[in-house]
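Shared chain: chain A. Partners: chain B in the first complex, chain C in the second.
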Partner chain A sequence: MFTPAFGHANRAQRLASILTIAFMVVLFFMMMRTWSTYRWRRWFFVALGLLFPVGFIHQVMVMRGSMGIPIEEMIAGRTPFCFIPIPLLILPAALTKTVVFPGSILPHGGMSGGGMASMAAIWLAITIVVGKGWCSYACFFGGIEEGMASVPSKAKVRKIDLRWRYGPWAVLLAMVLLSLALFEPAYCMWLCPFKAVSEYIAARNTVGMIQNGIFILLFAALVIALPLLTKKRTQCAFFCPFGAFQSIFNKTSVFDVKIDTTRCTPCVLCQKSCPTMALTDESIARGETLMSCMKCGACVDACPKDAAVWHIRGTEVTARPERARLMFLYAAWAMAIMFGGSIIAEGLATILHVFV
Partner chain B sequence: MKTLAAKLGYAGAGLTVFAAVLTPFVLYGLFTKGIAHLGLHVDEIYSGGPKIRTVQAAGYTIDIHRQVSPHFFQTEKPFVQLDWRPVSALPAHVSDLVDIDGDGAPDVHVSFDVPKDSKAPLRVDVESLNRRYEAMQNVGKPKYSSLIVRVDDAILVRIPITSTR
Partner chain C sequence: MASAFAFGEALVLGLASGPACVASCGPVLVPSLLAERAGLRLHSRYLSAFLATRLLGYLAFAAVAWELGALVSLPSRLRLEIFAVVHLALAGVLLRYAYSVGQACTHSCARSELVTIGGAGNHRVPGAAVLGFLTGVSLCPPFVAAGVRAAEAPSVAAAMLFFAVFFLGTSVWFVPFAGLGWVRRNEAVTTVARMAMVLIALYYLGAGLMTLIGRNVYGY
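The block that comes next holds the complex of A and B.
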């Protein structure tokens, strides 16, 4: 969707596209061959998380020479739009038809990309298909912390208060209300940890310096340090308002993960393996995941009794889970290739451009 | 009932896979068009509001935008935006009397230097000839409501408004 047409691409871009397609095909093949989902999806997701900043930062440096967004670019409507502010823009847009983001609805040159309408369309399409699976197959930020969480062999911090799971909802509520009251994308202005690896507000004054300090601190804590200590995706599990918003769409998705209680022992290996704490003792007893499940497949891979299974709504838990898995993966991987694949290719092309 | 639910489930799953395949060819474009046609507009604090009048000066024009008022608890003051364009036709020093409200009497006297280097910082002085508009002295770009910036082929000046009519 984003990479230039193959015919117009330079050598680095062509090579990057070929390598990305091969990478995605091999991963899918391995998923099918080994019946393991999480393990192979993680390669894709970490690659996405690491290569997005490479491609993006390169692009902003070429276009404007700085990672800081100057006020001129905001006034011109050329601030790149990512998906995270989407829930924050809904109320002001519904009440006043105003988008409280300094971008443009349609493409407007520079870093405006395809415009806000285009990003919203991608979000809508992927959400219809995979629900909160967005957080495992499309989010170009989550891969960094998933990579960090996979570094240590064992978690140093194992006891985490389950009440932290309400963090994203609290942040979502606060940011939605604040965005409506202040008529600005409050999360982007004050709390987004990923500003540290994408672009930040050009610090024109003390307030700007404080904002940038918060971005860096949150990134260091939630995306680097805590995943290393807990082996969890802490930013996603305890902080991300978009993740909380996306949980709502798990209720509309036809695919989910269930626990077959007739097979479950319960050893709680699924609970331990879940990167976002979407399984509790109670939910396992009920045979389901919480609505914050992002369908990464970690619990399904971890279960020694094959009790954690992919499932299609309306069907029996025991009814052909492999069919449910296949249908989900065809849909999710198609989206992953189209959206994440193009981002991986762009990041890869940036690196290859140095050598080719 | 269970069989019907299962059939609906499989049908939904099949449609989802179909939607995933259709996305880049049909759905993406369809959704983009749909969202673009919702009639949404970017907050005028950023965009500066729609242009209402153009004043012809010596070889260049001054676009006058509609007054922008902040929403709810926005911390910016109401302001009016003036665009000098094209930059290439502007003299090294601009000093213009501008009638913003169109009543025939000048409301502000705006003066600024136009450096040849497009990335050089800009500073503006605004003398208020109408109490409605705030004076500004040697202002760069501290706030959305009081600034001077260069955007593409125009120099934009935003003048805060002290009171609304």
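The block that comes next holds the complex of A and C.
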């Protein structure tokens, strides 16, 4: 459960492991018992979002003594790999057989102990099964804004121009093209809000300062302020290029969420509850979510008529949605435990080191 | 230099560096093409305007390169400044282009016209033409390589001919982009293209400004 940086498990790590296992088991039990998905998943997801930076920053500080990565470290291929630049690497790799990311292909090459190959393999395995469910069960960034979005009881900003939903696609298009032109992962260099809480570019000059300023501003706006104002996952819904890329795989995943139009009133509670605006009047009338649906379960839980249902492709909408939910959750939760569980345990152990 | 061999070299150089040219022009070309209305004919017109003014940019550059002796003799600071000014101009045009797309008539009954920028009436020019010229004079690496060879030409005409043949070689790689005309247009595609143009413009703006004030930007 822990990376080799920790060596043999100590008391804090053992305690963190036990607490994490208990936490994940209890949440799954509550999902099964209450038939509510979103509420309990959110606990996991927020814990993942908050504890990832704790464990990661601790590890970076222990290994390097700073959250800033100097250019020499990047050139040496010691940048920890993250899944977000995956779509930005495809075109340069296809055209030039070069991976334009300053990290190692092999495990232990990066600070995180996981190279690009292992991260890409994890991503592929999860994506094949759950599609964009990755963004609700595996992404270690979305939890902070989901936590922020759940703080206010009511949204202060309710009217959001629907065209902002195209934002992730625009960022994806721009970043894919710029990455090919500049031969660098442009998103990581200029736009990633999560650099503010993970590993930033060592600010040794004006450009570095500007880059870090952009990261902090984007984090403050998209991950803190806007979720508080809108009760939406604004970074995921309006900005994240990986989310847009992942939407494509919603078309290949066997699981999706459907609206049973024979039961729908329509009260649009599902639409209001969706954290990424993946439901519109038109899509509800068609009985489906948009391809940006993250399968978080908010709409299913919000529907008073049980019209929003989990669904397995190729089956009738009305055909045993509870079975579809179980099959999806078994897969999604197993991956959440494997991937997110270790991150939660590591973050927790970092905190427990202080006390035990 | 003016031999058939030299022009063969220009053609091969153009063909070989075409992918690099496409990669370099991609951030300008792809979103602006997607922002246009659908249709193979319209996209062919866009590419014609883009490539024609790109050739103009090449020829202008060839003349300057020959006049100055060799690009390599240009101080690197000056080269960077040219690059920065072109980037700033690209940023301005892309922003204006994104705005103009929003103003353009997109009804199905509307005439298939390229998005124009600039003043009113006859003063309006297709955005594709301006973008083509600016990408034509931007100093991407293959372009500099061709510039060095053109500078060795015995006359300005030979230098321009060398660049024209080099242009032909690179242009082959641009032809498939006309295929974007087959992509169905709706509000989503146009909005994504416009938003992407704004983001790319902001990048060029930042890169241009930082280069002008003497700060290196990653990637250059």
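Assorted remarks:
We take it that the second predicted complex is superposed on the first by the 344 of 356 C-alpha atoms of A that agree within 3 Å, B and C clash if a C-alpha of one lies under 4 Å from a C-alpha of the other, contacts with A are read in each partner's own complex, and residues count from 1 in each chain.
Heads up, the rule we're going with is that contacts are C-beta pairs under 8 Å (C-beta built on N, C-alpha and C of every residue); 3 or more make two chains touch, one makes a residue touch a chain.
Given the structure is predicted, the values throughout are model-derived calculations rather than measurements.
Within the superposed three-chain model, A:Ala170 lies in touch with chain C and out of touch with chain B [touch as defined at top]. When the two structures are aligned on the shared chain, A:Ala278 is found in touch with neither chain B nor chain C. Contacts of A:Ala298 after superposition: neither chain B nor chain C is touched. Once the two complexes are laid over each other on the shared chain, residue contacts for A:Ala349 go to neither chain B nor chain C.
Of the two partner chains placed by superposition, only chain B is touched by A:Glu316; chain C is not. Look at A:Ala181: by the touch rule set out above, it reaches both chain B and chain C. By the touch criterion defined above, A:Leu222 reaches neither chain B nor chain C. By the touch criterion defined above, A:Leu27 lies against neither chain B nor chain C after alignment on the C-alpha atoms of chain A. Of the two partner chains, both chain B and chain C are touched by A:Asn205.
Shared contact residues of chain A, touching chain B in one structure and chain C in the other: 180-184, 205. Those residues of chain C lying in contact with chain A across their complex are 19, 23-24, 26-27, 30-31, 34, 187-188, 191-196, 198-200, 203, 206, 210, 213, 215-219.
Here chain A touches chain B in the complex through residues 1, 71-72, 74-77, 92-93, 96-106, 114-118, 120-122, 124-126, 128-129, 180-184, 204-205, 253-255, 312-316, 319, 324, 327-328, 330-332, 334-335, 338, going by the rule given at the top. Across the complex, chain A meets chain C through its residues 95, 163, 166-167, 169-171, 173-175, 177-178, 180-184, 186, 189-190, 205-207, 210. Residue ranges on chain B touching chain A, taken from their complex, read 2, 5-10, 12-14, 16-17, 19-21, 23-24, 27-36, 38-48, 70-75, 141-142, 144, 147, 149-152, 156.
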